[in-house]
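Working notes, beginning with the structure itself.
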Amino acid sequence: MRIALFVTCLADTMFPEAAKATVRLLERLGHEVVFPAGQTCCGQMHVNTGYQRDAVPLVRRHVRVFDPYDVIVAPSGSCVGSVRHQHAMVARRGGDERLAGRAESVAGRTYELSELLVDVLGVTDVGAFFPHRVTYHPTCHSLRLLRVGDRPVRLLRAVRGLDLIELPDADQCCGFGGTFAVKNADTSTAMLADKMRHVLSTGAEVCTAGDSSCLMHIGGGLSRMRAGVRTVHLAEVLASTAQGESATDHRGLVVRW
Amino acid sequence: MVTRTFLGIPATAPAGVGHLRGEESFPVAARRALGDAQLRRNLGHATTTIRAKSAGVIAEVPDWQALRAAGSAIKTDVLARLPELLEQLEARVTAAGGVVHWAADANEANAIVVDLVRATGSDRVIKVKSMVTQEIGLNEALEAAGIAPVETDLAELIVQLGEDRPSHILVPAIHRNRAEIREIFLRAMPGVDPGLTDEPVVLAAAARRFLRQTFLSTSVAVSGANFAVAQTGTLAVVESEGNGRMCLTLPQTLITVMGVEKVVPTWRDLEVFLQLLPRASTGERMNPYTSMWTGVTPGDGPQAFHLVLLDNGRSAVLADEVGRQALHCIRCSACLNVCPVYERTGGHAYGSVYPGPIGAVLSPQLTGVADNASLPYASSLCGACYDACPVKINIPELLVHLRDQVPHPRGESAAMAAAAYAMDHPALYAAAQRAARLSRLTGRRGRGLPPPLSGWTASRDLPEAPAETFRQWWAKR
Amino acid sequence: MVGEAVSSREVILSRLRAAASDGAGAPVPVPRDYRREGTVDLDLLVRRLTDYRAHVHRVPEAAVADTVAGILPASATVVVPPGLPSAWLPQTVTALPDDGLDNQQIAAADGVVTAAAVAIAETGTVVLDGSPDQGRRVLTLLPDLHICVVRAAQVVAGVPQALTRLAPHRPLTWISGPSATSDIELNRVEGVHGPRTLHLILLP
């Protein structure tokens, strides 16, 4: 299958390993990955901070860039959530009904990574090898906006060598919330503290999730407290094989397995 | 005096009266609340308890989602034809011996109630817990007129005796634990047994003794309403302790103040809300007491009944096609109980009597967003509130909608516009990505960044930017 | 510009009309896919009532007076609504028929015995509607103990079925267990202003 990668601005700029892992994983499964040039950002930050009008050209760009593709994947529940739940609304409020229609069409072909693997490609065992104690944080937008359900956990359970440990109060927000983390830094930090406490209580070496943004938040906190727990994107876990492919943790340190 | 000039222009709630506006922004008030370890413990304990209870009784009903869908649709229907339903309600209540008053705002509602109480000659009223009378600051208006309002709900009594402010829609004293409640009672409850313990049963019994004579000797009561049925003129109050029954049964005069959005079209509609409300609210299959009355019943209960229908900003909320769904709210407080922000800051940080996620979307709409500009940002948009809402108010959608209306700081607007411009010009965007790598120069893990980024780095490290972006890597493949 | 003074009623109604002018006015269809039928399960009613600390007695009608005698001590004073079947009261108690009792008299009584209009199995609720065998609302409010006699035929499965049996113009009191509060740390504790003890006598 030919799959267009919607890399997301955060993964592109700060966490390219998650995007590279997505490419490696899909190619390993026998699919062709293309990277449509001209893509930048879905505009979620603008919309969620109260700048919908500024987001209109970004939605237009996104729709124009991705409209030619039948299947689109992003390694981010949050950005897929934006495409699915915000793009048409932003276009409509911006007075562009035609764009709204096209945005809905693109949204219908856009999948978060675990959705693509399980629902479209029909695989739960991707042949990965990751010999570590791992706990999974479901992230709010994957959980409640996309309803990815247990798809990521089914994928993780099929990874050889992986010891999956349930995260207590997993459905609780980590406190990131985009600009919330800055505008309400104290509350965000209080939420993060509880999330980190639960992560540490699992004794896991790795905390994984389907969103680099939440991992950046959790990882930033764990790094500050020098907790020794790495945050690794789900794509990187699934891309790892016994042949020794690498994964980075979200402090930017490349870790060789 | 309202003149015809202003007819038909939906109006927000006036400032200077009532409790819809806080004195500080949410982040400032939240910071103080977060520093109160006792408050954090009390809130964490209470919200964890209620979440488990509510989830248990919701799981018992197989048709919960169908009930939510019905509740939501009924409320949409109500908002589509409010004037017609209110006129029908007025006609039915009047026919049943009640008197209907219309109050355009808080000041007018307070004046109506004060006049009605004065006409009875009473210098005291007993009150059933009601959000709307808190919203309009009725107690202050009554006190200014020399009339003593006595809150009879246990939590409201705790707040009133503690000279405190309510912090939760359902349990206004949720921020107090049993030991603190005991101290408040010992300090401020006249005639209390000095040997009072902090057992909840003992504390409840103390309230029973304290209020019993007041119930029996007060001739006027003020209540809110959970539902008003247009078809029949029936009012409903849902409660637990029996203080509601006391107020609705014993006095000669009953004054009920309700927001106009509380009307429901038909008697049958109660079958939906009486299932949704208790399970979402207190986590019970049914609350201990629900009272329903239609006008006046000769020989049973108050022989004078006044219904005050209040706008106070609701018409302005209704005027916003997206925002109006906040008027679906049945005040169950489920969204507060599941909100990770509310759980950590408590209700006072929101400034308004309507705290939590619903408060963050309702208060700014009632007052106009400029007066509560920080509230739409008091959420991480995690979406737990939407899932919990028994009438399916899409609170995250509303928060985002209101953020778009908030007056933005000039620097932020400029930065956002610049970012959007760059993101729409891939060459500029790539240059900006390369510039992001300069963050390596800002000090270890981003510490030392200026505001607002310092809000991040106070407690979290920033990742180091990678040596190359994904698109650089892709181009080399 | 000063216009003619108008009533707040007119102001509010015109504001609301203006606010909902975007195609509003047409009734919105309400999906009623929830359960509106159901089989009555008397055991469920008993479990629900017991769960909320009500005491339940399942006896034949002939045994009501003995059951009441077993609940109330000898010579207890009992408020009695005007239409209550006299056979339900034991000789051991002193009846206070409500022929216009004042509130202090009612509050001083040891208990009250009433019938009910409807009971709801799923929620453990009894509903009083002010009929002669239930009396004025105050009768079941001030005494600290309430004995409520319900016939099996009055029990319905759920809330929708209860509403179809009730007359909206009557003063209605829905009772689900004794008076309680969740105001202290959100835990339900029994006993605030209403009757602290509730007995339900369920007849076949």
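Labels A, B and C are assigned to the chains in the order they are written; within every chain, residues are numbered from 1.
In this text, a contact is a pair of C-beta atoms (placed from the backbone, for glycine too) under 8 Å apart; a residue touches a chain by one contact, two chains touch by 3 or more.
Computed from a predicted model, the values in this text were never measured in an experiment.
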Item to complete: Have a look at which chains touch which and call the overall pattern line, ring, star, complete or other.
Response: line
Worksheet, complete the sentence: Relative to subunit A, the most remote chain by C-alpha centroid is chain C
Worksheet entry | Distance from subunit B to subunit A - Cα centre to Cα centre, in angstrom | 34
Discussion item. With centres defined as the mean C-alpha position, give me the subunit B-subunit C separation in Å.
Written reply: 28
Response to the item:
Between the Cα centroids of subunit A and subunit C the separation in whole angstrom comes to 53
Fill in: Touching residues on subunit A, where the partner in the complex is subunit B
7, 9, 11-17, 19-20, 23, 35, 37-38, 40-41, 43, 45-52, 54-55, 57-58, 61, 86, 140-141, 143-145, 171-173, 175-192, 216-217, 219-221, 223-224, 250-252
Worksheet, complete the sentence: The subunit C residues in contact with subunit B across the complex are 1-20, 22, 24-36, 48, 52, 103-104, 107, 120, 122-125, 130, 136-138, 141, 158-160, 163-164, 168-195
Worksheet, complete the sentence: Counting only contacts in the complex, subunit B reaches subunit C at residues 1-11, 42, 45-47, 49-50, 53, 62-63, 66-67, 69-70, 73-74, 76-77, 79-84, 86-87, 96, 102-104, 108, 152-155, 158, 171, 173-174, 177-178, 181, 200-201, 203-205, 207-208, 211-212, 215-216, 229, 232, 234, 240-243, 245-246, 248-250, 260, 267-272, 274-275, 278, 282, 284-294, 297, 299-301, 309, 311, 315-316, 318-319, 321, 324
Worksheet entry | Residues of subunit B touching subunit A in the complex | 26-27, 30-31, 34, 40, 340-341, 344-345, 376-384, 386-387, 400, 403-406, 408, 412-413, 416-417, 419-420, 423-424, 426, 429, 433, 436, 445, 452-453, 455-456, 458-466, 468-471, 473-474
